[in-house]
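Paired with chain B in one complex and with chain C in the other, chain A is shared by the two complexes that follow.
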Partner chain A sequence: MLKYIFRRLLYLIPVMIITSFIAYMLVYLSPSSPAQIILKARYTSEPTQEQVEDFNEEYGFDKPILVQYTTWLNKAMHGDLGKSLTDGSDVWEDFIYSFKASAKLYFSSQILALFIALPIGVYSAFKANSLFDRFSRAYSLVGISLPDFWLGMILVYIFSITLNILPSFGYTSPKNLILPMLALGLSSSFSLIRLVRTSVLEVLHLNYIRTARSKGLSEGQIMMKHALRNAMIPIVTVLGIHLTHFIGGAVAVESMFAWPGLGNFFAKAAGSQDIPVIQGFVLLSAIFFIIANLIIDIICKQLDPRIDFHNESGKNNG
Partner chain B sequence: MKFGMKRLLCFCMVALMMVGFVGCSNAGASSKSEQTEMKVAYGKDTGVASEKGNGDMLLTIFAGERLVEVVDGEVVPSIAESWEVKDSGKTISFKIKEGLKFSDGSDLTAKEVKFKFDRNIALKNTSWTEVDRIEKIEVPDDYTINFYYKDGMDGYVVLAGFAEYGNTIVSPNSFQTPGDPTTPMVKFIGSGPWKVADYVKDQYTTFVPNENYAGDPVKLEKITVSMIKDDEARVLALQSGDVDAVVDYYHGGSAYTPRNVLSSLKEEGFQVLKQEMPMTTVLAFNYTNNEAWKNIKLRQALNYAINKDEISGLFDGWISPANDAYFSDCSPYTTALGKQSYKYDPEKAKTLLAEAGLAGFSPKMIVNSENADEVKLAELLQSMLKESGINLQLDVMDATKYAEVKKTADWDLCSYYIGGPERRIYSRNEGRFDKTAPEFGSSGCFTSDTIAAAVQKAVDPFDEKERKAGFKEFYAAIDAEAACVPLYYDAVFVVANEGVEGIEFIGSEPRFGQVTYKK
Partner chain C sequence: MKKEKLLEVEQLNIKFTTSIGDVNVSDDINFTLNKGETFCIVGESGCGKSVVALSLTRLLPENAVINGLVKFEGHPISGLDEKAFAKIRGQKIATIFEQPMSCINPVMRIGDQIAETYRANFNCSKKEAKLQAIKKLEEVKMPVNRYNAYPHELSGGMQQRVMIAIALACNPQLLIADEPTTSLDVTVQYQILELLQELKEKYHMTILMITHDMGVVHDMADRIGVMYAGNMMEISEREDFFKKPLHPYAVELLNVVKDPCHYTIPGAVPNLMETFTGCPFEPRCNKKTALCKTNKPESVVMGERIVRCLNVVPN
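And then the complex of A and B:
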């Protein structure tokens, strides 16, 4: 296991280099120039050619792309991700600030999604084709069709405007978390319900469950001890995929609730072609994704010891 | 059954109690109490901390002052009590008011004013004061500052440029290294009616009264300006009572309350305050890159082909169609000085196109997808122009691509604006129509030697009568050459709770100094 973890961590180096290089190239190939956009915002007027040239010289954008990239990479390797071109703030500090905000939103919403999806999905699987099952399937189908930001607007309308019990935006108090968490959590739960139901249903037809039943175990024991543990593997994997909500995927909800998460952080940087911020975001996101996926793999291994990390090609798996 | 009856009785009691509570709460609502704080939603960050910028317009108005201001088209005193243009226009000298202080209690003298312009020169932030042409700045005494221009200053447009947002005077203590103008601005210490008490980037700015302000003290004890980027979310925050007012971006044209919700907000009991600005959204032609637009018949055909009243309908009637002069009647130099010759006439447009040999003309319009109203406008124009036989092709793209494509030959039409906030009316018109202005080229408005000469007559003279005559000539020149198609007059809106009183517009900028709030 340790060898596997070490090997996966080693992947970080090429992945970081490749992703950051691709990001650099994408920004470079983009038709717009950072100087034009940033200077326009800075001076609230169209910049002159001289201002653009000075800007490019000051930030090294007049140099060949490879020189720019290697200079940036060298600094990044030494822990210096640079400063934002728009407001001069430290990229690392801004990322960490937004990361914390995203973490609060992501983990609370995913826990909520699990709390909703697990009991409904499991019960639906146990009572397949019952009225409850049909209702839950219809509920999740309707829910999947709702965009998360639209759900957010409905929640604001109910809890902030009509009932006036929750704030409609902000980040200053714990109450501010509730509505964006509900919007993202409910949105994730709709797809999770279907996934939990399908996973549990699949497991319930396997031989070892039949054996457990024939041994006279109660349905509760079968579920908790045997079925759910195995059904959790695809669920955990999907929760890993939902990490995109963490890294920028929740931009609409964040924008709707003025939540200072990574989605807003990246959207602002991308809109203003703030290269150091974009690069820092891509690099740190790549590291985060690799580590997060590694943790998910380890959890899956704990859930199912048959998973063989040394045999990733799938040979001899039957 | 007995149990069921009990439950029914309990339910009825609870329901009655709730009705009672509602009744009580309604009774309480009629007595309003005086508030000392107010919360405002705004679509932009105020930019208190900035590496090389000067802060957002709202910040510079709330917490800052400039040497002069522009009110009703005239340059008026502010930090400077008077000014004099000397040496045949080569020198402009300002006399600074005595006894002024920044919000941190430090003195505001000519030395501090010079510091701000040293920063703008060092950062090449021209801000329409032609700082690139400034030879030197001298401070002969504590209350005099002289700007010497290499080849002479342009005229009134340069004087008005001292009222630009970027020329807001801030204390040398605002910078990372106090006294070093090239270091980042880490806090905003100005001399305006408010001072910044707290700031969290991209979230909120708290303003409290500046006890060192030389003018009338503000009435509220605190205003918190929250940044809510999403237009709809700002409206929801107002409806929920989380904010007391929603303010459009001070520049106009972006980050504004959606116009199609203003009527329903008014019906809900909110105040909708509107201030038209000398800024007109126009349909601009890519004549610098595309020969076809040099044909006046084509430009005239476009002017006849567009029904501006229909465009106003897009905004639920809250925005006025640009049917009369080139700007709305909000500014003395823009009222009744010139009328457009073109009234909606699709048949005439067809005839002109045929005469130009362009029947079946199929121009390409670039559209910024991030502005929903711009997209709706483009779609409306597409259907409207069909009546005149013009097959408009829309190319909708994101803001960054839009900015770049605009510099190429790969488009024919775009919606843009002429004019701007009132303090910018001179510089903006010069920038749009005078090819030698640094800003020229961004709008796409057609210009010619006649228009360029006329715009100079409008923005340069110090004498008001001469300036007015110049504006009349300028408008006539735009009209004669059909330089663009004026579509609608832009406006700044403030939507506020019923109990908010005293919001006043100076120029196109809402001010909150004398606001009182009963809730």
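And then the complex of A and C:
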């Protein structure tokens, strides 16, 4: 197990180098230069040739691209991710700040989604084709078709404008979290309800459920001890895939509620070609995803003993 | 000697309602199990043997409609509600299935699965249930250190032993074995049958075994029921059956065993969605008469034997 974790962490090195290199190249390939954009923002007018050259020299943009990249990589490996070109703040600190904001929003909304989806999905599967099941299926189908930011707008309309009990944007108080969390959590709960329902329903038709029944267990015991545990395996896998929403998926909701999360920050940095910020974010999010996926894999292994870490190619099965 | 009856099945009718119509898998089936005997139901695939067996403990899918009277130890159990019936399952009547791999929970330790059965039926501590599970593992001749193993780590034969240990966790009076050896290889089959026989004698269990293997029937059965297309064609003691089968279908089944390489019963098992006006075996029968097509045979009781055929005349 430890050996496996160590091996997976070793993957970090090539992945980090490749992703950061590609990110660097993409910025380089874009037609505008960072100097143009940043200086224009700084002086609020078209910069002179002299200013551009000074800027490029100061940040090393006059050097060949590979030299720029290796210099950055060398510094990054020593823990120095550089400073933002736009406001001079430390990239590492920025990342941690917005990472925390993202984590708050993401995990609270996913937990909310699970709390909604698990009971509804399980009960739907348990009483398949009942009135409740039909209603919950229709409800989740409608829900899936609603974009999360639209839900956010409706929530703002109800709670901020009409009832005036919750703030519509901001980050400072815990109250600020509620609306974006509801918007994201509700919108991911809809698809989760369907997922839970199908996985539980699939398991309920398997032979070992019949065995469990033949042992004299009650329906509740069968559901909790036999069905749910097996049904959780695909659910956790999909939740792991959903982790990508951590950055990309929440951009609309984050910008709507002015939530200083990763998606929001990244979008801003990309718009202003803030190379150190883009690079730092790409690198750190790659690390985050690799570690998060590793954790998901370990949870799956805990749920399903048939997963064999040492035999990933599937040889010698049976 | 008057034999004590453990299970009586009267007028058992089972049908499956499907989107393309009803399937009748059991047509007025009657049989009884005496205490301590092994009763084998034989027949080709698709005759409704397993369905009859699973219906006794209501383990059929939801689209099954079961009618008829089932009495266990003299008490009717077919009318009990689900809660009361759950107490009979596991504790009084246990079931083992074919394909043990798919029938035991893949993500639960085998020992826990045995202990769970015991705990579900007898209110006891976890520790006590665990001790009982270890005892059962010993009884089915599994190394006790496999308590923490997962099903996929075991061979097919071992998995079937676990299945048996789960079924016997509460020392049931009746064990329903639905093709317990079908998915196993021949040497392991023999070991499993021997184990079942041994445990049966130890606990004075009654076994209802479903099989299509005449060898198994010959080794295990005290009495035999021959099923064809949802009908019980013949019930007889083992000696009589192998010496002189009465129903033409039973005769054919034994003919196949005598010469398995060359002989097959002509034709195939009928589609159970059809309704039969005459004898369901009539199209394949070599002793058929004109009456067989139109008249449905009634059960004829001849001492210990029951035969459902128009051409078998009571002696």
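One rule holds in what follows: the second predicted complex is superposed on the first by the 314 of 318 C-alpha atoms of A that agree within 3 Å, B and C clash if a C-alpha of one lies under 4 Å from a C-alpha of the other, contacts with A are read in each partner's own complex, and residues count from 1 in each chain.
In this section, contacts are C-beta pairs under 8 Å (C-beta built on N, C-alpha and C of every residue); 3 or more make two chains touch, one makes a residue touch a chain.
Quantities reported herein were computed from a predicted structural model and do not represent experimental measurements.
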**Request:** Please tell me, clash or fit, for chain B and chain C sharing chain A in the overlay.
**Result:** fit
**Request:** Determine how wide the angle is at the CA centre of chain A between the CA centres of chain C and chain B, giving a multiple of 10 degrees.
**Result:** 150
**Request:** Look at the residues of chain A and decide whether chain B or chain C touches more of them.
**Result:** B
**Message:** Looking at A:A212 after the superposition, I want to know if it touches chain B, chain C, both of them or none. Which is it: first, second, both, neither?
**Reply:** second
**Asked** Looking at the overlay, does A:G263 come into contact with chain B only (first), chain C only (second), both, or neither?
**Response** neither
**Asked** Does the superposition put A:M153 against chain B (first), chain C (second), both, or neither?
**Response** first
**Prompt:** When the two structures are overlaid on chain A, which partner does A:Q36 contact: first (chain B), second (chain C), both, or neither?
**Reply:** first
**Message:** Just to be sure I read the superposition right, which of the two partners does A:F169 touch: chain B = first, chain C = second, or both, or neither?
**Reply:** first
**Request:** Please indicate which partner A:R229 is in contact with in the superposed arrangement: first for chain B, second for chain C, both, or neither.
**Result:** second
**Request:** Name the contact category of A:P276: first (chain B only), second (chain C only), both, or neither.
**Result:** neither
**Request:** State whether A:S255 touches chain B only (first), chain C only (second), both chains, or neither.
**Result:** first
**Message:** Can you work out, in whole Å, how close the C-alpha atoms of chain B and chain C get once everything is superposed?
**Reply:** 32
**Message:** Taking the stated contact definition, name every residue in chain A that is touched by chain B in one complex and by chain C in the other, in rising order.
**Reply:** none
**Message:** Please output the residues of chain A touching chain B within their complex, sorted ascending.
**Reply:** 30-33, 36-37, 40-46, 48, 50-51, 54, 83-89, 153, 156-157, 160-161, 164, 167-172, 255-258, 260, 264, 268, 271, 273
**Message:** For the complex, give me every residue of chain C touching chain A.
**Reply:** 57, 59, 82-83, 86-91, 94-95, 97, 99, 102-108, 116-117, 120-121, 150, 152, 163, 166-167, 169-170
**Asked** Tell me, which parts of chain A touch chain C in their complex?
**Response** 206-208, 210-219, 221, 225-226, 229-230, 233, 303-306
**Fill in**
In their shared complex, chain A is touched by residues of chain B numbered 47, 49-54, 57, 124-128, 132, 165-166, 184, 201-204, 226-230, 232-233, 236-237, 239-242, 251, 399-401, 403-405, 431, 438-439, 441-442
